[in-house]
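Two complexes, one shared chain (chain A), two partners (chain B, chain C).
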Partner chain A sequence: MAAYVLRRFLSLLGSVLLITAVTFLVLRALPGNPAELMLGMDAPPGALQALSRHLGLDLPLPVQYLSWLAGAVHGDFGRSLLFQLPVGTLIAQRLPITLALALLALLLGLAAGIPLGVWAASRRSPLPSAVTAVFAQAGLAVPSFWLGTMLALVFALDLRLLPPDGVAPFRTPLALLAHLLLPAVTLAVPQAASTLRLVRASVLETLERDFVRTAQAKGLGQGAVLYRHALPNAMAPVATLIGMHLGALIAGTIIVENVFSIPGLGSLVVQAVAARDVPLVEACVAVFATCVVAVNFLVDLTYRLWDPKVVEA
Partner chain B sequence: MRWLPLTAAGALALTLLASGGLAPTRAAAAPTLNVAVSTDPAGFDPQATAAASTFEITFNIYDTLATVDPKGNLVPDLATGWSVSDGGRTWTFRLRSGVRFSDGTALTSQVVKASFERLLSKAEASPWQPLYADIASISTPSPTVVQFHLSAPSAPFLANVASPWAAIVDPQAPDLAQHPVGTGPYELLSYVPGQEVTLVRNPYDWRHGIPAIPKVVFHIVPDPQTQLIDLKTGEVQAVPGIAPQDVAALKGAPGIRVVTGPSPFIQVLAMNEAWGPLKSLLVRRAINYAVNRQAVIQGAFFGYAVPIGTHMTPASPYYVNLTGMYPYNVAKAKALLAQAGYPHGFSVTITAPSNYEEHVRTAEIIAQELSAVGIRAQVVQVPWATWLSKVFMGRQYQMTVIAHTAKLDPDTLLSIYESTNPQDYMNYRSPAYDALIERARTTTVLSVRRALYAQAQRMLAENATAVYLDAPDTIVAESTRLSPWPIYPIDVLPVAYLRMR
Partner chain C sequence: MRRPLPASLRLGLGLCLLVLALAAAGAVWTPFPPQAMDLAHAMAGPGPVHLLGTDDFGRDLLSRLLVGMRLDLMLALASVLLSGAAGLAVGLLAARLRGLAGDALMRLVDLLYAFPAILTALMLVTVMGASTTSLVVVLAAVNLPVFVRLTRSMALSLNEQPFVEAARAAGAGPWRIALRHVLPGVLPTLLVQAATALSGAFFTEAALSYLGLGVQPPTPTLGNMLSEAQGFLAVDPWMAVPPGLAVALCVLAFNTLGDGLRDRLAPGGGPPGRSGRAAPFPAPSAAPAQVGRDHALVIDA
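What follows is the complex of A and B.
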């Protein structure tokens, strides 16, 4: 097991490294260079050359990447070109907002998806199946930028039930929660839909098993059979799905944060790319990649602990 | 289902952590001015950056030796007066006495010298160094007198010294980008990136009774519509720089006033003189006759702009009114095109930076107008990064719509047409013009400078180097509780002289 963990950990590290290298190359291959964007049209002639040299942009690309990497390994992610602040400070300030958003969305998605899935599996009558099938299809199909805009229009602007984005919304936990609710719902909808489908299928399959028949035979009620016997045994694939969801949610925050102007990591990375702020983009991407890769790794481990039959490949 | 409550607890803990970490310290109930701005400053070190978003705020934190008033005059600031000697090679500034930085450090001629040496140092790599390359040495004959010795006479020197990036900083301060230390009316209390910049009165400020408002919060609100909602709900008292199309919606809104004034920007349709038909003077003049500036001003700026006829802002004392040179005249444009050998016009692309809505709208209006004289113009939108690389630095374009920003001295606007300037993206080449600009730069006799710059402006207009379109207004929407917002000829947001009921 230890050898397995080590091997997986090393490959995890390799993935993150590869991702940062590719990001670096793509960012520098795009038209526009960081020094030009920092200076705009206003700086005097001659400034561009000096700044390029100061930032090391005149060095060969591999050298630039390796010098970034050398700093990063020592925990020095450099200074953002856009904000002129240490990249670590910016990320430390914004990551909690993004994680709070992703976890809140996960929570909402599960809270909606699991009971609906069980409900859909509980009866053989067509109505729950049909209703949940429509919800599942629609939830998976609707793009988050559209859903987010619609939710903001209806709940924040028309009904005034929740605040739109605006001045200093993050002063109190309650205010933060209120501001994260709509974006979290936006993220949670597709995730609830796919949870629903998986739970339904898994519970239906479990209901065919012998121990369920035994439980029914000894006279247990429908609810007890479903929630105490069928559901726990149907959860193993759902746990795997949660891991995949968390990865998708973290990535999904990039779009949703921009739709709702949430000052998290997702809106930061978009700003950073537009400004070709190489140190900031690299650090953000490294954080995103590490989150996703680490979650997958943890899910893998959990899966092994959950089901001892999964042997080392 | 053991992980469910855990996830819940985690989300809640993070929520608390996030908000706890971000909650700024709230002072007691003192009047606070809240201002909505669109972007974060690029740090608070004015010497280190070219970002207007920094100067907008640091103008309130730092002072310069001389400064600019709303009318564009250069007036005393940290220096109470100055004199020029040695044929324009030596500039002597007498410093105000009793001035202290927000950390208590006293301002002396040594500090001023160190501040300029920092601006010029290799380690700081300030983008503005080329402007001060002619400083040969700085001497401090007394604690209140500082002298700049230049290698050649420089007329723009005073304007360069008065520019926001020449701010006098405390050279001992370790990290001005994060912890600014200046002599200005305000000091930085806190900055939460993406959210707000909070300024409070500098306890050592040398202006008596200024600032009137002890605390100012700049809220970073990227969406213009949200900025206006915040103004209407009273969360902010001022939105400096609203879009012209939004003014109508504010008319008649209770408690809201709109203040307008000349902006530092001039909008041009730049033409690449090295490309195809645009090489011909007749063609460029034809295009000048074919563009109706009033249509652009109405269509793209909703009337909030004034027409111009050359590469200079009407707010500048050097401006020459040449708007009468190419009156809108389709027949004349067609005749000139025919004379140039293009009786049926030609095809051309107008590149516009997609992030500037008003330039895109202007390009579309112009494309429409050019079709009336047979020129088939296609508008191509590109991201700002691409525009800078391909058009401005690379000169790979045919026509483009863009705005130039005026600085305190006319030299910065007019010198981009010098043949040797890497920013001469219109490929204008004229030895006569180069000589003119060089002479204007080295003469300190104001009347001579004025005459030389007038001649330069006329040369550009006669050569039809660009279609000089308009100078848009700066439009500020504010609460009527606030005194009228001062509109400056450079891109700054001065709040020190505002009053609030």
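What follows is the complex of A and C.
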């Protein structure tokens, strides 16, 4: 087990290095000098040179990358040109909000998706199937930026139940929850839809298995067969799905944070791209990608602990 | 043997025809010129003159919707063609590459595959700007890894098939085998993937436009119409409704088409899950099984 964890961890490190290297290469080696990108075409040559020196653009690319990496390990990602602040500080301020939002959305999505999926699989009548199929398709098709806008319109502007945008500090958890609820629901809808589809398929498949037939044969009622025997076995694929979803949710915050003006990492990266603030974009992409890869790593480990039959491919 | 078309495929084809018809309408005729302003009737609701109402400049929403939809659809189609062709080429190459080069290539592709689509897109937009051409490339890059992985894994297993071995024994060279024998086996699955990729590209383009990083106003796209509408949410909430529904309709159409094609190729279906690229990490154990399953049926069909 220890060897497995170590191997997976090294592979995680490798992925993160590769991601940051690719990001770095794309942002610095593709057409146009980043300094020019940031200052615009008609910037005075003096300013261009000063910025190039500040970014270390006169050095060879591998040297640039290694010095960036050496800084990044210490939390020093350089200075944001847009905010005139250290990039590390900006990220430290904004990452917690984004993670809180993604986790809340994950919980909501599971809380809605699993029961609906079981419901859709357990009934013979066509109604639950039809209702959940419509929800599943619609949930996947509706763009989050539109759903968020509509939710804000109804629950914040019309009914005035929840605040329309912004956040509250972590010191006041209830107020924070109220602010994050609509964005989290927005993020959770497609996730709930895809959980529903998976849970339904998995439960249906499990219900065909021999041990379920045995349980039915020994006279157990419908409920006992479903909840005691089928359900625990049907949940294994859902664990894998949680990892995929958390990754998707973290990426989804990029859009939803902009809908609800939440000062998290997602709105930060969009501001950075719009202003072509290269050091900030590099760092944000690195942090996002690391989160996604790390989540996958954790899921792999839990999966292995959960089900000892899983052997590494 | 001919099986009747599955209901999902019929629905998907119908919805796609509807979307195409609307987009085609945007190309030939719109009720008003999409940029024509009529400030006297700004922010009107739906009515007999402006069927879907007007925006803050009094521009006709229906006209802008049709024109925007056509542009979005063309961007998505162009990008899927590009990424499909490039993915096919790289995938066939990757299936032939052995050793370090092949490993390195696939490692990179897997990594890009795991990278959230919107993040890849944002990064490339930073570098390439937001022109129409660069958007096609950005959206193609987002879908490229899926096509590469799919082509490679199918080509690898087709390479082991008796008919390919027979061709090899008959003296066919590697490229002839790839083009004459492997390619026809790969294409149907790629076509199914193309429908899913189309919805992914459409979604990403709408998201970028919404964030102000895609096609720039005043050229209408569904995404930037929505983003403009959001500024007037408190005054005129109706403005946000049509573009959002239009995005949902298009994505639904492509997703249903993809599901339907998959049902047709593989009765029993692939694993459920989000179409498009929202789920960036397929279970390591699930992915090959799904390709294998689809592929077995492709051969059989």
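The rule is short, and it goes like this: the second predicted complex is superposed on the first by the 253 of 313 C-alpha atoms of A that agree within 3 Å, B and C clash if a C-alpha of one lies under 4 Å from a C-alpha of the other, contacts with A are read in each partner's own complex, and residues count from 1 in each chain.
Note that in this section contacts are C-beta pairs under 8 Å (C-beta built on N, C-alpha and C of every residue); 3 or more make two chains touch, one makes a residue touch a chain.
Everything numeric here is computed off the predicted structure, so don't read it as measured data.
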Could you say whether A:190 touches chain B, chain C, both of them, or neither, answering first, second, both or neither?
second
With the two structures laid over each other on chain A, which partner does A:152 touch: chain B (first), chain C (second), both, or neither?
second
Look at A:46 in the shared chain and tell me whether it touches chain B only, chain C only, both, or neither; answer first, second, both or neither.
first
In the overlaid three-chain picture, which partner chain does A:118 touch, first (chain B) or second (chain C), both, or neither?
neither
Going by the contact rule set out at the top, does A:276 touch chain B (first), chain C (second), both, or neither?
both
Mind working out whether A:226 is in touch with chain B, chain C, both or neither, as first, second, both or neither?
neither
Between chain B and chain C, whom does A:207 touch in the aligned arrangement: first, second, both, or neither?
neither
For A:72, is the partner it touches chain B (first), chain C (second), both, or none of the two (neither)?
neither
Residue by residue on chain A, keep only those touching chain B in one complex and chain C in the other, then list them.
30-32, 37, 274, 276
In the complex formed with chain B, which residues of chain A make contact?
30-33, 36-48, 50-51, 54, 79, 81-85, 90, 93-94, 96-97, 99-100, 103-104, 106-107, 110, 164-168, 170-173, 175-177, 180, 231-232, 235, 239, 242, 261, 263, 267-268, 274, 276
Per the contact definition, I'd like the list of chain B residues that touch chain A in the complex.
1, 3-4, 7-8, 10-11, 14-24, 34, 36, 40, 42-45, 48-52, 125, 127-131, 177-178, 192-196, 219, 221-223, 226, 229-230, 235-236, 383-386, 388-390, 392-393, 402, 404-405, 407, 412, 421-423
Could you please specify the touching residues of chain A with respect to chain C in the complex?
15, 18-19, 22-23, 26-27, 30-32, 37, 137-138, 140-143, 145-147, 149-150, 152-153, 157, 190, 193-194, 197-198, 200-201, 237, 240-241, 243-245, 247-248, 250-252, 254-255, 258-259, 269-270, 272-274, 276, 278, 281, 285, 288-289, 292-293, 296, 299-300, 310, 313
In the complex, the residues of chain C that touch chain A are 107-108, 111-112, 114-119, 122-128, 199, 203, 206-207, 210-213, 223, 226-227, 229-230, 233-234, 237, 240-241, 243-244, 247-249, 251-252, 255-256, 271-276, 278-286
